[in-house]
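Following this line, the structures themselves.
Shared chain: chain A. Partners: chain B in the first complex, chain C in the second.
Coming up: the complex of A and B.
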C-alpha cells in the first residue's frame, strides 16, 4: 500500500514546489480577485445608499458586501489550469511522458492542479471567509459551515469536470480556450458573479438552481451568509451531485474515445 | 511629416489585413472568439438591468444612459485589446521577439500595434456599438453632444491605448512580466462602466489619470447626455491629448531599455 502511494506523494511534492516558486503571482491573483469584488461592492453600496429601503429583495447592504467578498474567495479555489494543461499535453505530445509514469493520466492531472487549489484555499479562501464572517457578525451554525464546505467541494468538482471535458476537446479542436472562456463567462454571469441570484426574477433563479451553475458560486456564498435556508442549500448540493455524475459520464466517454487516438506526439 | 504618417498608416493597415487573414484561417475558432468578446458587454447589460429592476438605480443616471455608458466602456476595452495584447507584447520583449519589429523602417509604436493586437476583439467593439445605439434610440440626445462625445471618446481611447503600451514597457523593465496587465485592464473596465463618483475622489482620479480608461468611457458618456458643460469638455479633451503625448514620449524612451534576447 505504502509503495503504491509513494509515486503519488513524490509527484505531489514536486508540484507543490513548482507552485510555490511563483508566490508573487499567487498573491497578486488573490489581491486582484478582491479588487474585482471591490468594484461590485462600491457599485452596490451606491445603489443601497440611494435606495429608499435598507434591504433590497430582503438582502441588507452588509450581506451584499460580504457576498461579493465570499464570491471572490470561492472563485480563488475554482481557478485551475486544467484546460491549458490538457491542451498542452494532448497537442504537443507531452502526454507521452505522462503515460509512461506508473500512475493514470487523470491522477497526474489532479495532482497538477491540487497544489494551487490547496494553497489558495488555505491562504486565500479560508482567511477571507473567516474575516467576513467575524466582521459581519454572521455566526453560521455548524450545519451551515458543513453545507458550505460540501457546496464548495461540489462546485470545484463540477468546474474541474467541465474543464476536463473541454480540455479533452483539444484532441479535436485546434484551440479550446475560446469555447472554455465562453463557458466561464456564462458561469460568472448566471452563477451569481455579477449579482446575487436573489436579485434576479424568481422564475430565472428557480430555473438556474436546476443547472450546475449556481453551486459554483452563489450557493456556497449564500449558504454561509444565511441568504438561503438549509433546505435550498441541500437541494442545490443534491442537484450538483447529479450533475457530477452526468459530467463524469460524459468525461469518461470522451476520454475512452481520446485514449484510442493517443500516440507519441499527442493526438 | 505627412509622408511619414501615410507610410506608417499604410504599414499598419496592411499588417491588420494579414492579421485578419491569418485569424480567419480557423473560421470556427474566429467566430467563437468574437462571440466571447461580446460577453463583457452582455455581463454589463445584465448587471445594469438587475440594478434598475430592483432599485431606483444610480443617482443622476437613467437606465438607458447607463446602458450607453456600459456600451462605451466595452467599446474602449475591446479597442485596447484590438490594438495591443499586453501579455503577448511583454512576452515578445522578454524572449527577444521584438527584434524583428525594430528592424522595420516604421515607428516602433506602430509596429507594436501591427504585431501584438488581437483581431477577435472586433466582436466586443460591435457589441458595444450595438448597445450604445440601442440606448441612444431610447434617449434624447442632440447632434452637437454626439459629435463632442465622439471627439472625447477618440482622444480618450488613443490616450488609454498609449497608456497600455507604456505600462507594458514599464512592466517589462521592472518585472520582465505582464501577465497581470490583462486582468487589471478588465477590472478597470468593469469599474468604468459606472459613474466615477461612486468611487470617491481617489477612484475618480485613478480612473482619469492613473489608468485613464474613464477618459474614453465615463466622460464621453457625460458629454453625450450634457452632464458636463463645454469648458469641462475642453479641459478633458486637452487632458487626453496631453496624456497621449506624455505616454507616447515615455513609451519611446522606455523602448531604449529593450535588450535583444529579452532578459
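Coming up: the complex of A and C.
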C-alpha cells in the first residue's frame, strides 16, 4: 500500500474490527431499525383500508409498503454515529486522543463512521432493496439503479454534513441531542420518512425538492420504485450536489471557529 | 546533548464564568473572569532527559503539556519541540512523539485487545515489520504483557491497561514521550514496571520523557523536577537541589526493647512516638556527635534508621512555603 495511504488504511482496518466485535448486537440493531418502517406500513395500510380509493395521489398500497421498506434500508446507511462521536469528543475532551495522531481530526471522524456505513449498506440496505424490488416486481432499469446509488451517495453526504455541523455545535452547546432530534424530525417529515412526498400537494413537493432534505430519503426510494421520473431524480441529485457545496462551506467555517476555540481554551 | 524542548516566556489565560448564586440568576447574570493558567513559564529540556512536572491541581501542568503537543496554543511566548512550532506543525510533530493521557483519555480501543491498537499504530506511523516485532517483543518482556496484550482491553485491570498505554506511546520509537498523570490509581508493581520501562527506553533509545504527576514514586528516578504553582514555575532542578532549599534535617527512627524513656526524646523534634518506637527530626550535625553514636549502642535500642527527608516531605515543605509566601509571610 502507498506510504501516504497506509495510516488511513490502518485506521479503517481497526475501525472495521471495532464495528464487528459484537456481531449479534449489530444484526439486532439493524433489524430493529426496520421497526419504524413496519409502524409506518401498518399506519398507512390502515389509511388505505379506510380510504374509498385503492391509491392515494396515484400511489398504490403495495408501492407505499415497498416505499417504507426502502426508506428503512436507506436509513440504515445514513444514520451514522457522527453526531454522538463528535459530542463525545468535544464534550468529554476525547478529541485529545485524536489530536495526538498524525492525521486530521476530520479524516479520523470519517474513517470512524465509514465501516458502519459500508457493512450496513452491504448487509442491510442492498439485500432489503433487492428483496423489495424482486417481490414487488418493480424491475428498475440500469439507469434507475445508477440514479438510486447516486441519490444515496448525495443523501449520505448531506446527512453527514448536517450531522457534522450539529455535532460541532457541542463545542458551544455541550449537549446537542435536543437540537439534533428536532432536526431529525424535520428531516423525517420533509424528507418523506413519515409520508411519501407524492402525498403532499404538488407546490409543497416542488418547494421541498429544492431543499437538501428529500434527497436523504424520498428521492432514492421514489427513484428505485419508479414513483418519480428520471428527470426529477437527476434534478434532485444536482440540487443535492449544490447543497453539499453549501453545507461543506458552512461545516468548514464552523470547524475553523471550533479549532480556534479548541486551541484557545481546550475541551 | 541538544535541547529538544524550548519553552520561552509562555503565557496562557482562560476565560471562565463565575456563578452568581441560583440557577436562574446565573443563567442571565454570570461574571466573566480570566484565569492565568501559565504565567511567563520558561525552561528547556535536553535529549534523553527524564523530567517530572509537578504541581497541585490547577497549577498548569496539563495545560503546558497540551501546548507542547500543539493541542492548545500559547497567547504569548515561544515553544519549540524538536525544532518545530507545535502551533503550526502539530501533525509533523506528533509523528515524532508519543503521548499517554493517563486513564482519562485512553488510546487503546476499549472493545479490542491491545495488540490491535499496537498494529494500528504500526500502520499509522509506517513502522517496518521487523522493527515493530522487535519493539513489541521488547516491551512485552519488559512489562510482562505476554498474557495481557491479546485479551480484550475492557477485561484488563487499570495497571495492565496503563502498561499497554505505555507501549502504545512508545512502540513507534518516538523521540519524546509526554505522560500526563500516567499512574493515577495504578498499583505499586505496575507503577514500578512503568518507571523501570522509562529508564530502559531512555537508556536504549535516548528517549526524552516529560511526566506530569502527583505520585511521588513516579519521580524517584527522574533527572529533573519542574514545579509549577498557579501557572508559575517555582522550581527547576534536581531532587537534591530541592532539599538544599530547606534547612537541612535528618530523621532518626529508634526501636526499643521496652518502653521509650524520656531521655531519648530530648535530642530533636519528636515527629512520632509509640510505646517502643520514636521518630525524631534532628540537625545533621547531631548524628556526628559522640554522645549520639554511643546512644545508638545502648542495649535498650534494638534497631535504628537514619535518613534524609524524602520527596514527600520535601514537596509538602515546598507547598507550605509557597502558601506562606502567597499569604505574604515570606
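Convention: the second predicted complex is superposed on the first by the 261 of 267 C-alpha atoms of A that agree within 3 Å, B and C clash if a C-alpha of one lies under 4 Å from a C-alpha of the other, contacts with A are read in each partner's own complex, and residues count from 1 in each chain.
Keep in mind that, in the parts below, contacts are C-beta pairs under 8 Å (C-beta built on N, C-alpha and C of every residue); 3 or more make two chains touch, one makes a residue touch a chain.
Only a predicted model underlies this, so the values are computations on that prediction, with no experimental measurement involved.
Novice: Once chain A from each complex is brought into register, does chain C clash with chain B or fit beside it?
Specialist: In the arrangement built by aligning on chain A, the partners chain C and chain B fit side by side.
Novice: Once the structures are superposed on A, label A:189 by its partner contacts, choosing first (chain B), second (chain C), both or neither.
Specialist: The answer is first: A:189 touches chain B but not chain C.
Novice: Looking at the overlay, what does A:102 touch: chain B (first), chain C (second), both, or neither?
Specialist: In the superposed model, A:102 contacts chain C only, not chain B.
Novice: Is A:56 contacted by the first partner chain B, the second partner chain C, both or neither?
Specialist: Only chain B is touched by A:56; chain C is not.
Novice: Figure out whether A:130 sits in contact with chain B (first) or chain C (second), or with both, or with neither.
Specialist: Neither partner.
Novice: Considering only the touch criterion stated at the top, classify A:94 as touching first (chain B), second (chain C), both, or neither.
Specialist: Second partner only.
Novice: Looking at the overlay, does A:246 come into contact with chain B only (first), chain C only (second), both, or neither?
Specialist: neither
Novice: In the overlaid three-chain picture, which partner chain does A:143 touch, first (chain B) or second (chain C), both, or neither?
Specialist: After superposing on A, A:143 lies clear of both chain B and chain C.
Novice: Tell me which partner touches more residues of chain A in the superposed arrangement, chain B or chain C.
Specialist: Ranking chain B and chain C by residues of chain A touched puts B first.
Novice: Between chain B and chain C, whom does A:204 touch in the aligned arrangement: first, second, both, or neither?
Specialist: Touch partners of A:204: none, neither chain B nor chain C.
Novice: Just how close are chain B and chain C at their nearest CA atoms in the overlay, in Å?
Specialist: Chain B and chain C, overlaid via chain A, are at closest 5 Å apart by C-alpha.
Novice: Residues of chain A touching chain B in their complex?
Specialist: 25, 28, 32, 35-36, 39, 42-48, 50-52, 56-57, 173-175, 178-179, 181-182, 185-186, 188-189, 194-195, 199-201
Novice: Where on chain B is chain A touching in the complex?
Specialist: Spelled out, the residues of chain B in touch with chain A are 26, 28-29, 32-33, 35-36, 39-40, 42-43, 46-47, 50-51, 53-59, 179-180, 183-184, 186-187, 190-191, 194, 198-199, 203.
Novice: Residue numbers of chain A touching chain C in their complex, please.
Specialist: 3, 6-7, 9-11, 13-14, 17-18, 21-22, 93-94, 96-97, 99-104, 262-266
Novice: Can you tell me which positions in chain C touch chain A when the two form their complex?
Specialist: 14-15, 63, 66, 69-73, 87, 90-92, 94-95, 99, 101, 104-107, 109, 111-112, 116-117, 119-120, 122-126
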